[in-house]
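Below: one structure in structure tokens.
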Amino acid sequence: MSDKKLDLRTILKANKGDDLKLSNPLITASGTCGNGEELNDYFDINKLGAFCTKGITVDAQKGNKTPRIAETAAGIINSIGLENPGVDTFISEILPQCREYSLPIFANISGYSPEDFLTLADKLNDRPEIAGLEVNLSCPNIKGGGMIFGTDPEKVYQISKKIREIYSGYIIVKLTPNITDITSTALAAQKAGADAVAMINTLSALKIDIDKQEPLLANTFGGLSGPAIKPVALKMVYQSYKKLEIPIIGLGGVSSGEDVLEFILAGASAVGIGTINMLEPTAALRIIEEIKSYLRKHKIQKLSSLIGAAH
Amino acid sequence: MSDKKLDLRTILKANKGDDLKLSNPLITASGTCGNGEELNDYFDINKLGAFCTKGITVDAQKGNKTPRIAETAAGIINSIGLENPGVDTFISEILPQCREYSLPIFANISGYSPEDFLTLADKLNDRPEIAGLEVNLSCPNIKGGGMIFGTDPEKVYQISKKIREIYSGYIIVKLTPNITDITSTALAAQKAGADAVAMINTLSALKIDIDKQEPLLANTFGGLSGPAIKPVALKMVYQSYKKLEIPIIGLGGVSSGEDVLEFILAGASAVGIGTINMLEPTAALRIIEEIKSYLRKHKIQKLSSLIGAAH
Amino acid sequence: MYEIFSNKEVGPDIYHLVLKCEGLEKEVKAGQFFNIKLSGINSYDPLLRRPLSVFDFSNESKRVEFVYKVVGKGTEILANYNPGEKLDLLGPLGSPFSISDRQSANIHLIGGGMGIAPLYLLAKKLKDLPIKVFLGAANKAELDFFADKFKNLGVEIHLAAMEEKLEIKGTALRLWDNYLKSELPSFVYCCGPEPLLSAVEIKALKEKIPGEISIEKRMGCGFGVCLSCSCESRNENEKNKRACVEGPVFAFGEVKYCE
Amino acid sequence: MYEIFSNKEVGPDIYHLVLKCEGLEKEVKAGQFFNIKLSGINSYDPLLRRPLSVFDFSNESKRVEFVYKVVGKGTEILANYNPGEKLDLLGPLGSPFSISDRQSANIHLIGGGMGIAPLYLLAKKLKDLPIKVFLGAANKAELDFFADKFKNLGVEIHLAAMEEKLEIKGTALRLWDNYLKSELPSFVYCCGPEPLLSAVEIKALKEKIPGEISIEKRMGCGFGVCLSCSCESRNENEKNKRACVEGPVFAFGEVKYCE
């Protein structure tokens, strides 16, 4: 099959409003790719399917104390703690940069209270630079924060619904895996009118410094990401696919074309790439090539024909 | 410090009955060490702290179809499906072999219904070959089975309590990590009179064969174990330690002396070693040496003085 | 840890690995395998060892040899090892082919793909008997190394390839099947993909010819503790058999195929 | 991928790594670092790269050099690499020491432990000025390689060790402190553990001597995307600075220390 015929496009169906058309399924995972500039030094980020910004909060945050990162087998634990300049600076300084890119951009928003999310959604509504919001109801690194909402389907429903009422763009609700049944929160988000769900955020985790005999991260706990968590993420996507009508953005440990294909076969319409970018800034380019060789080998023209095909 | 002075002993406090004294904190994780014989070909298993058998059910089980194992980054997914000869054959054929060993032995029991657990506890009560039961309320590989009980604190309480009423030896309740808050089931087990809890069993996981475009394991889902899951297990132990009064047996990915120390510092009184044995049958011997060098380096005499020290 | 003597490509993606095994005390028998660690130091990825059948072994020269095909992560790592480097091996593991009572004439060895590897040491042990070897693979290039080796033993060999005509164009099964018209063996050994094992076994059982197969099951441990490699017994009353301990060699009719 | 030219032990657990970097287009400046992948092929463990400061670099010979100490998993893997093998490096990364306006006399370079490494290329750039180098480590053996290198540059060096008496028995800090009695520098560069950086900075700020430190923060990416390496600014109104982009070199008074 000639390369020209290979079709990597994917569509993120919208609940109301326009569907989003991505040139390929790769979306940067929030917090692992900065706001684009750094990665763009390594390759033209317009080659990605979409870009998702580092999490923003209402006010500027200095984040947690360091150390903020620990390494584990095939994984990392982070507790950055949402360091960001706050939504106003985001709008005045970061959004203008976004105009330079032609790909769809999602703003990842986090809050310490339900009201925070509404403030953010309101301020970001109708911003032409962004295609939508990724609502992070699952950040494990802030106390009394996101994760508490994210493990309660009722709260997920309430917050998502309120955001839906005031925000007119595409809404992705990002879910936590630290829950007995992720389909409960996924269904709650769908019921509230979210356009899509993203799963998974990081797994709550710990590393202890045996020499100091205390937790290695200044914040004690952190979130596990990277190849180690892929099998857990994939299971959640597979398990949710048949129950949901809205698209799933699968992520967690994706590092290769094979991983992307696993998520797509499990039912993801698009796939986030996070931790791998930290080790290999050009990972997306390699992954796209790997997907293409798979399609060529199996004589498949449209990648999107594989969504959910493993069921 | 001379080696003679190093004290690796640990005590598993009992709720009623006698405390269990282990010569060191290492306990084989059920299902990864057979029933002792195979490992004993590689080293004298009496050098372990305790031995835990492969899971037993009331009736003989042929287990799931193959493939039953898949590899992931720093982990494996298994869906053995509790292949075992049934409790009667266990008593007639395996227990007699256990007499050859001098270390405490736990029988790991699994059921498809609450009654199954009672039948097993009853048949194994007062067996002199075993020091106690490890009640597997967390097996993710049997349909409608263990895991359903294991994610509901009320069911954990009910089953544990009934077992407590009829079984007089040491009772360890083994918990699943596939839950929003593991302290809820841990507290339920404690309230029911369990002597100890073991955490964690495997994380529910999936691998897809992208060439066949279907789940790789015949049973679709399986349980993730190995180094990949250690940070999650450690977090759960740490989080439970302050809330519980009964001892915790920590396990999940333990592969080195450093890992054992992390679990002990987090609050585990003993530590299970599972997947590592599959790659390195003599892992326990290496791990014991690594613990000793740590104690020597830090001039610590009693390993047990470190339990919970990272809090 | 055994030092690598050589690790050379001998066919398309096919490598011949020779290890010096001075320290090895156990005897190594045809049909047994070793389980090889492929993660580097301080690394748990890839986590599991990879099983490879013994291709050749000599107690005198203290060499253990393997032939493997690069099919994925682990075998690709193995192909990158150089002479002088060391490998962590567990083994010999598993139950070997039975040899003692094969004094009968007319022994057939049938190998498909990399299933040919364990047949070489077997053929060496049997070479004073009138054995015939039937080998099949995708193409001639995949067979050349094996063919030369068997020829040097002086045994009769027949070759088939899927992609080009050798003795026939087709599988080892068809090759053997054709030959059966002229001669029925008194014992058959077979190793290769499950469909080959299964078909050979059905044919042989029908003709009441005894024999053994060697099966490749996905393995967790390789020494019997994990039950990843269980094979269901054909005898409903018998418990499962572990390919790594009771196998990988089984008698015809002993286990069910499934993968 | 750069080929290893040599990777030799030059002190107790201290290695000198020399890479051929024909393909490297960017200029490499003193104070910058590279982030080195240490997982083997087909392996994600260890996952993160390890940052090492450039010890020496020459654009003519196209060699980039590092000196590192084996302290854990990653550095142990690195020490096992052999000449001829290739390494995957990201870099040069980070902001270098500023050099342009150091035409003043009396420049002091203070290095503790492996913090000495980046000072060598710096000293080379500054060597026509009257610079003085103050180095401290656990013992003489840890300093020998560095001392020889600096001596060959022809710069003045002072040595201290914790475990034995060289110029003094003690830290680089005390060594420098003693020397301050006879001469105050006009600019100071310092690299080493945070307590050293912090103490030198306090002293220098008190005496109103400007200078720069290079800080070692745990890094996730090394190129600015993950915010693992954030340093809080001393200026409350300023946002955090990334040790991997805005640093690892910072001016005295720029960032807070914490670890």
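Per-chain numbering from 1; labels A, B, C and D assigned in written order.
Here is the rule we use: contacts are C-beta pairs under 8 Å (C-beta built on N, C-alpha and C of every residue); 3 or more make two chains touch, one makes a residue touch a chain.
A quick map from chain label to UniProt name: A, B = Dihydroorotate dehydrogenase; C, D = Dihydroorotate dehydrogenase electron transfer subunit.
No experiment lies behind these values; they were computed from the predicted model shown.
Visitor: In contact with chain A (Dihydroorotate dehydrogenase) and with chain B (Dihydroorotate dehydrogenase) at once: which chains are those? Just list them.
Guide: Output, common partners of chain A (Dihydroorotate dehydrogenase) and chain B (Dihydroorotate dehydrogenase): C, D.
Visitor: Among the chains here, which has the CA centroid at the largest distance from chain A (Dihydroorotate dehydrogenase)'s centroid?
Guide: Relative to chain A (Dihydroorotate dehydrogenase), the chain with the farthest C-alpha centre is C.
Visitor: Using mean CA coordinates as chain centres, what's the gap between chain A (Dihydroorotate dehydrogenase) and chain C in Å?
Guide: One centre to the other, that is 46 Å.
Visitor: Just curious, how far off is chain C from chain B (Dihydroorotate dehydrogenase) if you go by their C-alpha centres, in Å?
Guide: 36
Visitor: Report the inter-centroid distance (CA atoms only) between chain C and chain D in whole Å.
Guide: That gives a centre separation of 54 Å.
Visitor: Residues touching two or more other chains, restricted to chain D: which are they?
Guide: 44-46
Visitor: At least two partner chains per residue is the criterion; list those residues in chain B (Dihydroorotate dehydrogenase).
Guide: Those would be 72-75, 226-228, 255.
Visitor: Among line, ring, star, complete and other, which one matches the pattern of chain touches?
Guide: Per interface graph, the chains form a complete graph.
Visitor: Which of the residues in chain D end up touching chain C in this complex?
Guide: 39-46, 73-74, 76-77, 80
Visitor: Would you tell me which residues of chain B (Dihydroorotate dehydrogenase) are touching chain D in their complex?
Guide: 73-74, 227
Visitor: Which positions of chain A (Dihydroorotate dehydrogenase) touch chain B (Dihydroorotate dehydrogenase) when the two form their complex?
Guide: Of all residues in chain A (Dihydroorotate dehydrogenase), those touching chain B (Dihydroorotate dehydrogenase) are 72-75, 77, 151, 178-180, 203-208, 210-211, 213-215, 220-221, 224, 226-232, 234-235, 238, 253, 255, 258, 261-262, 265-266, 294, 298, 306, 309-310.
Visitor: Where on chain C is chain B (Dihydroorotate dehydrogenase) touching in the complex?
Guide: 37, 44-49, 90, 217-221, 223-232, 239-240, 245, 258-259
Visitor: In the complex formed with chain D, which residues of chain A (Dihydroorotate dehydrogenase) make contact?
Guide: Against chain D, chain A (Dihydroorotate dehydrogenase) makes touches at 31-34, 38-39, 41-42, 54, 60, 62-63, 65-76, 78, 80, 83, 85, 226-228, 255, 275, 277-279, 281.
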